[in-house]
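The same chain A turns up in both complexes below, where it pairs with chain B and then with chain C.
For the complex of A and B:
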């Protein structure tokens, strides 16, 4: 080993983030956690295939209506926030738990690069797992059925965009939780089931303070609801929803980066 | 001397617990041993030196910059931490290459430097295997490989010889000496005075968070030779090895642990003992050797009371 290294500046943000992304995606995507999450996300596809093979008599819903329920309730309202919690809160927490964060913190890259690389890997992973399942659900439930004829490609694109934005926003919020707390999973679940689950359906202005109310507003072909949900559920315009979700996601990420950049991590054997 | 690592009245607390207390020293080129019993503050000192922690008080500089919050210095700094942490699904080559890419090396350069480092630690045959399947000694060596692969000027090694077999201990000791001779700064913490003596005479003696002494190993060495030390050996043929070791005149006791199959030896003259184990390692399949530090603690108590 010969040759001393020269004094070099810190690596540029995007170069460091890109190399960090390659490491993070390798550690995130081909994992048992990703496999089981994919299986969960693919449930509506299996369910749809069964319906196509064995169509039940007297089903009050069309394929298109079923698809609307799946996207609005199964994906956007329930499963995607959970997926974001599992992956988003683990961005830095996993590296701390596995004690591999030291390898990243002792390289000539900024903490911003580390975080951005990890978050890019998060987005690619969750979108890779989610979007194909939404498309497959659409294909299985709508294509080739008369009720699905009115549903265009742009509607599907809008649904995919709604899913992506939901994952981005919740991902930012849970990334913030992940860098702030040592054990973010339980507080994250409480946030999802107590705050997002109930408050989004409260009467008055309470839903204004939940992510869920804005995310569900992006699905325009949601099924009509009944009872209290119909009375109390609040919906916003698409533009307003996109703006709020975008701002919540960006602000959460900025806070997460600020905390991560200043925090000391005492990692020892 | 160009000081590359500077501690100036540096202290560090973890809440109410003081890990380092008013530590000052400067390190230039060469190999330095950091010696102290468990809990003395060795790892905290290395964490401060490598910019993982801020000093609660005082100053820690690395290559003329504050060690904490100066990621640019890590172009020229390598760290082999005390944690047994890896990307378990990566192969050894992938692991070292990936970390080199974070240093800014392109794929071809990273691949080339990674292979060179892996060859140095003698892991080339296993470099395409997943780290999850590596033995303790192999994991230690791949961790060392990632720390030296980018040819750093300053190298921090926290217990780098843990779990290695005698041949690899010798190989790594020779490597450290070579790095020091090349003008790099190497700070290595270890319990194994025998190997440390092969690479350096300069030592920082640390106990209860304070650097008690900076200087020559000789005095500590003499003290240690007078105190029995415990050694644990894992071998393919422990009974055969025991039959030969029992003949050594400075062996205090030798036991075969039923639960693990390990040999537990109490020795007085580490030099003679380690040389003998090294000679016998091929014959009896010596796989790993640890020196426990209970007796080192007694030496430090003695030193502190002096």
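For the complex of A and C:
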């Protein structure tokens, strides 16, 4: 018997990431935070049901137009970035808070695997919460209307893709914020409501530097804007939007992985 | 992982079933179509049609809009349906389900009489519930019409108030009306399997129309030039467009979406600017007529590369208000004219 300890071989990237995914998804999905986020995402479904039961007189919108407003303004512009902030910025912060990061970092698993597993769990969690709500909103608002369900079925599929891409991109950006800052929530909120909220509606080229302008351009059946937003809102082609959102998401993730691989975590007792 | 797995499976099932339901109603509902909104039987319409347009007559006559504005002299009165009623005796509300009209461009003729030329080259395809005996009895002045039976199709010659007009009853629910030449082309296409599908451009345009639209139209380069040459003014200098796709609905408000593809991005911007200018002019006149401001607000124009997207939504209340103010101004004009006539007589 020798006193020297042999280092365990590092698990392959995908094997390690898969193990991390199983652990992280349990930490993210069946939790009160997910429940409340789901309730928030399901609000249009509840209001849609109320609207169908008690239809207001003279509502100047079809069910499909109302669905377009909900997807473009409620989901893509406001709620999904917020969901991405809540879950994306907490990817590593939660592991630090619960002190499980020490456990992960002392296992024979690379930091890249840890991050990839966590981000996969984030994506699966937010998609599990979001996609059924979007589909249910469509069905509740469009079934049995003069246009009928089926009107805009292709738009529904494209909207689901737009939501997934929005969650991926914002998730990457907030994951970067989460590994860079100790308390990422306040800067994240400022980024969402000051930068994304206002600058996306500025005249000129300012919207080119916001994620929101590209994300909302993916909703092709978006309602027409009113007032100043109508004058200044800038919309991009679908191909351009997908490309920009994809690049921003991938670059943010790469930076986040780079920072996470080099950062020293001191877990306080 | 069990709880998470169950949640993920439930979410996936809801999403897949929901999307499946949306597509199944798209395929099996009223929106079913062989190519966009064109029913399979109408695919024999000529592939060289420069304008193809249609109405879902069931949806139109069953709409609140038609109930409010569909009577004689009202804005919702569709002249094409009134004409079908005059020429064939068919009652749109009772007998007709859908109408598709194909207009062929005739480059050999000059710009003058474009209206007349359109009527001559129009081929009307109607689906509904009518049979030969009923149609024969309902066509006005039946004595002038010669009846012919060929390959299972009944042809009524001289039925369209023109010596060369033909109404062809294909079966108990489909009739085609137009000039003899156009109807013959349709019947030949039907026998040989040719028609709209031969034009890739028409098919791609038709497939962009939202299923369930109450009215729709697609057209090639001649569409806008026809409109602009008649409108004149700034519109006459609009750059040429390659194609136009428009569709819309009537309830709960009148909504229309149109996409014009220009030759390049610069032309698209120019067209959008003219449309925005038109909208701004309406806003400027809001002092005299408040409704004009509402119309201007309801129009949104956007460009995307070489495409111009126009969306307009007009409420039934606004149409009602416009109709009232038009009636009032018409009455005022008539009263002024009567006073002027009296003054002339006095002098």
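Just so it is clear, the second predicted complex is superposed on the first by the 257 of 269 C-alpha atoms of A that agree within 3 Å, B and C clash if a C-alpha of one lies under 4 Å from a C-alpha of the other, contacts with A are read in each partner's own complex, and residues count from 1 in each chain.
Definition applied: a contact is a pair of C-beta atoms (placed from the backbone, for glycine too) under 8 Å apart; a residue touches a chain by one contact, two chains touch by 3 or more.
Keep in mind that what you see is a predicted model, and the values were worked out from it rather than measured.
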{"item": "Touching partner for A:237 - first (chain B), second (chain C), both, neither", "value": "second"}
{"item": "First, second, both or neither for A:9, with chain B first and chain C second", "value": "first"}
{"item": "Touching partner for A:104 - first (chain B), second (chain C), both, neither", "value": "first"}
{"item": "Chain B versus chain C as contact partner of A:139, first or second or both or neither", "value": "second"}
{"item": "Touching partner for A:26 - first (chain B), second (chain C), both, neither", "value": "both"}
{"item": "Contacts of A:124 with chain B and chain C, given as first, second, both or neither", "value": "second"}
{"item": "Overlapping contact positions on chain A, where the chain C interface meets the chain B interface", "value": "22, 26, 30"}
{"item": "Contact set on chain A toward chain C in their complex", "value": "22, 25-26, 29-30, 58-62, 65, 124, 127-129, 131-132, 135-136, 138-139, 142-143, 146-153, 156-157, 160, 224-226, 230, 235, 237"}
{"item": "For the chain C and chain A complex, residues of the former touching the latter", "value": "1, 3-4, 7-8, 10-12, 14-15, 18-19, 21-27, 29-31, 59, 63, 210-212, 249, 251-253, 255, 297, 300, 302, 304-305, 311, 313, 315, 317"}
{"item": "Chain B to chain A touching residues, read off their complex", "value": "14, 43, 47, 50-54, 63, 68, 71-77, 79, 81-87, 89-90, 94, 98-99, 101-104, 116, 120, 146, 148, 150-153, 178-179, 182-184"}
{"item": "Chain B contact footprint on chain A (complex, rising order)", "value": "1-11, 15-16, 19-20, 22-23, 26-27, 30, 98-100, 102-111, 264-269"}
